[in-house]
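What follows is a set of structures for review.
After this come two complexes, each holding chain A, first together with chain B and then together with chain C.
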Partner chain A sequence: MEIYLYLALFSPLVGSLFAALFTTKSKTLVAGVVPSLLLFTSFVSSSILLVHILNGGAPVHVEMMTWMATGDLYIPFGFVVDQVSVTMMMVVTIVSTVVHVYSIGYMDHDKSFNRFFAWLSAFVFSMLILVMSDNYAGLFIGWEGVGLCSWGLIGFWFHKESASWAANEAFIMNRIADLGMLIGIFLVYWNTGSLQYDHVFEAFKGLDVDTLALIGIFLFIGAMGKSAQFPLHTWLADAMEGPTPVSALIHAATMVTAGVYLVVRSNELYSLIPEIGLFIASLGAFVAIFAASMALVNRDMKRIIAYSTLSQLGYMFAAAGLGAYWVALFHLMAHAFFKALLFLGAGNVMHAMHDELDPFKMGGLGKTMKATMVMMTLASVALAGLFPLAGFFSKDAILEAAFVEHHYVIYSVLLFTAGLTAFYSFRLVALIFHGEERYTLFGIHPHEAYKFMLVAMSPLLLLAIIAGSLKMTYFEMVTAILPDIEYHIHSHVTFWIMTIGTQLFVVIAILYAYKKYTTIGMNVPDGTSETENTFMYKLLKNQYYIPYAYDEYIVKPYTKLSALFWTEIDQKVVDATVDGIAGVIYDSGEQTRDMQDGNLSTMLRWMVIGTIALLILAVMFGLTARYAHVLG
Partner chain B sequence: MEIGLNHYLVLSTILFAIGLVGVMRRKNLLLLFFATEILLNSVNIAFAAISHYYGDLTGQMFAFFVIAIAASEVAVGLGLLIVWYKRHGNIDLDTMSTMRG
Partner chain C sequence: MVDHILSILIFFPALAGMFGFMINKDSIRAYGVAVGVIEFALSLLLWFWFDGGVAGMQFMEQIPLLPSFGINYILGVDGISLFIIVLSAFITMIGIASLTETPNVKNMIVTLLFLQMTMVGVFSALDGIVFYVFWELSLVPMLYIIGAWGGPLRIYASIKFFLYTFAGSLVMLVGMLFMAYFYYQATGEWSFAILDWYRLILPENLQLWLFLAFFLGFAIKVPMFPFHTWLPYAHGQAPTIGSVILAAILLKMGTYAFIRFSLPMFPDASVALMTPIAIIAIIMIIYTAMVAFAQKDVKQVVAYSSISHMGVIIIGTFALNVEGISGSVFLMIAHGVVSGALFLLVGVIYDRRHTKLMSEFGGLAHVMPRYATIFGLMLMASVGLPLTINFVGEFLSLLGFYQQSHILTLLAGTAIIVGAIYMLAAYKKMFFGDVTKEENKNLPDVNKRELLALIPLSIITIWLGIYPKPVLEPINKSAEAIVQLMHDKSITDEAKMRIPSPLNKAQTSQTSSEGAH
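On to the complex of A and B.
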């Protein structure tokens, strides 16, 4: 089994290095095909491992080599494939294989085609390290690796000012959170003397609650950055500057779920500190509704999907915080499939519309892009959580968990958000594919994407439809290592009322969105209508003024402070000191060069002066040594 | 008054001072050699006197070494001096500044 583990882990690295060989060359098809094939290899190996685990095989645990060994510190490059990591490996390799193949078509006309695949495969490799590592240090390496690759891919079109700005924003914001993460890891090592998961979790049982809470908080700060939870969420929407396949792979399906994975992986820690868990759940519920509300009015297709991702991450954290780790992981998996599908569909639409992102300028695209329309509609149905698609099972499980745990506030927030989700998803679908053909005004002739791109997307479509039916198999697998709490509502009547009620609520939201956005002669928002001038609308449109506040109250004062430090401290103190030292040495050289006039007589005189000086020193030292006991 | 160690040391110091001033002030290379000899021999006097005082022959042996080395040094030095005089026609110290930096 070990060979499959290594194959799964290192194939993407080989693919990345291979594509990197061609980065300075113009587009070479092989630089896209080889990484895709290697990724497929990785996917097949992961599937073999999955079958092994499903058949009740023991988790595969290897120690490739020693990484650090000094004193009591021992950190190996160890990898583990157990029920949790194999789930993540499947999600990562499926989505990334699809995205790789899709990108061959999507990036067809891009001059940096080869560089794109180098970064993309490097990202998958980092993500696999993150999920497969058997210790926190390895996880952190993967964590930083995905951060770096995300930076390279958001800023892929770095000649665009906004893209490189967004890349830096994402990187810096993650750096803030990673500091918390690093402190958390240090605390773990400090208190348990190890970073290996099995040792650490064993040692946690003997620690006092305050220490555990501290560790839990700091690790969660790291998770907040990667998973873009409030208040570190602004980077995710801006990250949509990257190419769309990147958004699908990184900023929807895999990297942003790393935070959820961290919480699920550390479930033994969070089970011991339910108060922190409750905080995580509350924050998750807040982010769910917060992000969903911003998606209601946005006019950028990719940003709407990004906010929806943010909102779904909130759901996952809500589940994980309430102790329903397997539910969180299940929603993560289901979400990865339909969200990646949604993004890839959006990529098709963008290509057809010549990179136009405003859905109000589209409309009626369903006639020319049937396949994309079907896929995006089904993905949206799955996202909205309608029976029998994937989202229904996973989202319903989260709602049930909240209900059964008697957190009715969280439950009602999440329920309301489910309605919002349905509304904004179908607002998007209605605006893009139905109603008037508004794009004719802009002289665009849309066309469907390449056939093979659509074929590449189909596995995701299939999974988005059937993932829900795998729920029980999945439950039996992961509960081998995760708490196996089944959330059943005791009374059948309550259960049916809740399920049917939720479904009805969602259907009504969908119908309302259709009705509102497909009517002929619909008002395109232009800042004049009454709704657009209400306070709420403006608040939502400006994303609660949070980016503005960050810019105004953090970035600007910081820039001013930096400028002040530059002119006042750096130039006047640091530079002055260094220049001063150099100046003294120069001056003394200038002054003493007269000594070297080549005249023997002068030299002899200097020699005598030197001898006398040394003699005086020797005498003085001798006297001090002689009378040291008298002086003290 | 008996002549003791101190007298010899004072003589040695006076000779050393004379030699030192000579080294510093003289411009004639030949006289510079003289001054160097005075310096070396002042030290020899001190060596011999202290050696006698302690009844230890090591100091006197050192004095012999110094005399031997001084003799060879003067031999080499005088040879160089003659070559210099043949080339430049003088042995004035101030003209020897080819090593000016």
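On to the complex of A and C.
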């Protein structure tokens, strides 16, 4: 089995290096095809490993070589394929294979086609390192690696100021969280003497709760950065500057779920500190509704989906925080499929509309883009959580978990958010594909995407539909290492009321959105209508003024303070003192040079002064020596 | 040859330099490169012969100079100095090979060879006076390089560099004289041998005073805040080659000296002054990173970033445990490679445009993709991304210090944030966006000679990031010995507690792991 592990892990690296060979050359199809094939290899290997694990095989654990060893610290390049990591590997390899193939079409006309695939495959490699490592340091390699690739891909079109700005923002904001993660790793090492998962988890049982809580908090800070949880969430929406396949792969399906993975992987830690878990769950629920509310009024197709991702990440953290680790992982998986599908669909729309992002300038695209419409609609249905698509099973499980654990506030927030989700998803679908053909005003002739791109998307569609039915198989598999709590509502009546109630609520939200945004002569927001001038609308439209506040109260003061440090302190205080001291020495030399001007009478005068000074000194020393015993 | 390899390493370049005056001007480059290559090969031989399993000094040489005063020519290397010696041979070789069109190229190459003598001398000297002589001699070639080939403010910059560091070293010399005197008082014999000094157990207040005397000399060299202002001038005015050697090797003299002198000689003082020094280091990390962010000149960004990274090295050194000290020594090597490469990269663009102002560039990634890639790699190494050489050093340094103080490590850890801020901002200004300036539209990408220097540095950056073991293992061995020595000879209870004995710890962890199995 080890060979499959290495194949799964290193194929993307080979693909990336291969594509990198062509980066300075003009577009070469092979630079896209070879990485895609290698990713498919990686996918096949992962599937073999999945089958192995499903058949009750032992986790595959290899130690490739030593990375760092000093003092008592020993960190190997070690990889483990167990129930949790194989789930992640499947998600990563499926979505990335699809995205790679899709990108061959999507990036068709881009002059940096080759560079794109080098970065994209490098990302997959980093992500696999992240999920497959058997220790926290290895995880951190992947953690930073995906951050790097995300930087390279958000800023892919680096000639755009907004893109390179967003890339830097994402990198730096992630770095802030990474410091927390690093401190968490230090804490783990100094308290357990190791960073290997198996050893660490064993040692956790003997530690006091305060230390564990501290470890839990710091590791979670790391998770907050990658998974863009409040208050480190602003980078995710800005990350939409990258090419759309990147948004599908990195900023929806894989990298942003790394934080969830970290919490699930450390479940043995978080199980010991339920208070921290509750905090995570509450923050998750808050982010769920917070992000969904921003999606309600936004006019940028990709940002709407990004906020939706944020919101769904909140769901995952809510589940993980409440101890329902397998549910969190299940929602992660289901979400990866339908959200990637949604993004790729959005990519098709963007191509058709010449990179237009405002859904209010679209409408009626369903006529020309039937396949895309079907896919995006189904993906939205799955996202909204309607039976029998994937989202229903995973989201329902989260709601049930919150209910069964008696966290009714979290439950209500998540339930309400489900309605919001349905509303904004179908607002988007309605605005893009139905109603008036508003795009005609802009003289655009939309066309459907390449056939092979649609075919490439179809596995995701299939999975978005059927993933729910795999729930029990999946449950049996992962609970071999995750807590196997089944969340059953005991009373049948309550169960049915809840399920049907939720479904009805969602359906109503969908119908309302559909009706509101397909009516002929619908108001296109232009800043004049009454709703647009309400405080609430403005608040949501400006993302609660958080990006503004960050810019105003962090970025600008930092820049100003830096300039101040340089000109006022470094030059005018520190360096001026040095030069001042040198100046004093120099001046005193200048002043005293007259003493040696060669004039005999001046020299004689100084000689007399010198003699007197020496005499005084001699007398003083003599007296002190004589009377030392008296003084002492 | 094995017995005298260190003397050969020291004096071969100097001797070759003297012959260099006789070489024809046209062939001086080839001659310089040849000497550099031979010297580097010799240093590799040193590494090859070096026994990684031995913690103590190897290749010891001893020739009496003034035996009645205890001054002897003593040389030796351990895991700590070995790689800095290899690095200085490597950087000098690369520096000579990539030397651009320089007026008076013969003088330059001869100067570089003399500089190399002093560098190897400093890192292999085991006698206080010999160390001091090489330490001070290293100022002269650098003074000449800045003063003769520098920018418009070169005289001011070179004199500032010389006088400032010289003043600091004089105080250090006084400290050395006192050490020899105390040795005389204790044993009745004079000695300047560092290994003799190690055996001296001094009372705490004496340790504090001597520590401060040495500290001044080292701190200015490192340079530590607030003694750092000579560095931006020196870098700003020095030619590329001068900056490369200054940043890669000369600054390491200060941090190396902390580990060679301060820690083993004054363990109690090191513990007592750990917190204030860590605070200075944190100021270096954050404050100079912010100053770097404010710079308009890319070379100044790299110069200030050096100070910021030296702060992390100091933090690792004063972690006073094996993890931290190994990390800081490794980071010295890492920073040598990465900052050397960054200064070379700045030189590449300066040669083309004769300006270092970032506002003059923009969109360079379009016209010089290879240059942008290598710069990007070095940027990421400088930021401390895992699997690059810097990460290993930075991670271990911070990890080590975490044992001493949680809060201070958290503050020092901001290095990974502030470092990313100024580096990414600089990269964005230079490489991203559209090409706006007409002059930049047809810039040639890096040429073969530049690649000759940059590619080996890139390879080392990644190789030692993925597989640091060949370097880390010998360092670890010697770091263990130093920590053990400090633990054994420390006198205060606090110091005994703060400096964990690697020996005891190895035993306890062994028993605990046995218990776990």
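Definition applied: the second predicted complex is superposed on the first by the 569 of 632 C-alpha atoms of A that agree within 3 Å, B and C clash if a C-alpha of one lies under 4 Å from a C-alpha of the other, contacts with A are read in each partner's own complex, and residues count from 1 in each chain.
Here is the rule we go by: a residue touches a chain if its C-beta (ideal position, glycine included) is under 8 Å from a C-beta of that chain, and two chains touch if they have at least 3 such contacts.
These numbers come from a predicted model, not from an experiment.
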Exercise for review: Kindly classify A:68 by the partners it touches after superposition: chain B alone (first), chain C alone (second), both, or neither?
Suggested key: second
Practice item. In the overlay, answer first, second, both or neither for which of chain B and chain C A:186 touches. Key: second
Practice item. For A:141, decide between first (touching chain B), second (touching chain C), both and neither. Key: second
Exercise for review: Scan A:55 for contacts with chain B and chain C and give back first, second, both or neither.
Suggested key: neither
Check your understanding: Who does A:559 touch here: chain B (first), chain C (second), both, or neither?
Key -> second
Review point. After lining up the shared chain so the two structures overlap, which partner does A:597 touch, if you call chain B first and chain C second: first, second, both or neither?
Key: first
Practice item. Considering only the touch criterion stated at the top, classify A:491 as touching first (chain B), second (chain C), both, or neither. Key: neither
Practice item. Check whether A:24 is in contact with chain B, with chain C, with both or with neither, and answer first, second, both or neither. Key: second
Exercise for review: Could you figure out whether chain B or chain C reaches more residues of chain A?
Suggested key: C
Point to revise | Which superposed partner A:159 touches (first chain B, second chain C, both, neither) | key: second
Point to revise | For the chain B and chain A complex, residues of the former touching the latter | key: 20, 23-24, 27, 93-94, 96-101
Exercise for review: Sort out for me which residues of chain A touch chain C in the complex.
Suggested key: 23-24, 65-73, 137, 140-141, 144-145, 148, 151, 155, 158-159, 161, 164-165, 168, 171-172, 175-176, 178-179, 182-183, 185-187, 189-190, 193, 199, 202, 558-559, 561-563, 565-567, 570, 574-575, 577-578, 582
Exercise for review: Report the residues of chain A in contact with chain B in the complex, numbered from low to high.
Suggested key: 593, 596-601, 604-605, 608
Exercise for review: Under the touch definition given earlier, write down the residues of chain C that touch chain A in their complex.
Suggested key: 160, 163-164, 225-226, 228-230, 287, 290-291, 293-295, 321-323, 326-327, 363, 365-366, 369-370, 373, 380, 385-387, 392, 395-396, 398-400, 402-403, 406, 409-410, 413-414, 416-417, 420-421, 424-425, 428, 431-434, 466-469, 472-473, 475-476, 479-480, 502, 505-506, 509, 512, 516
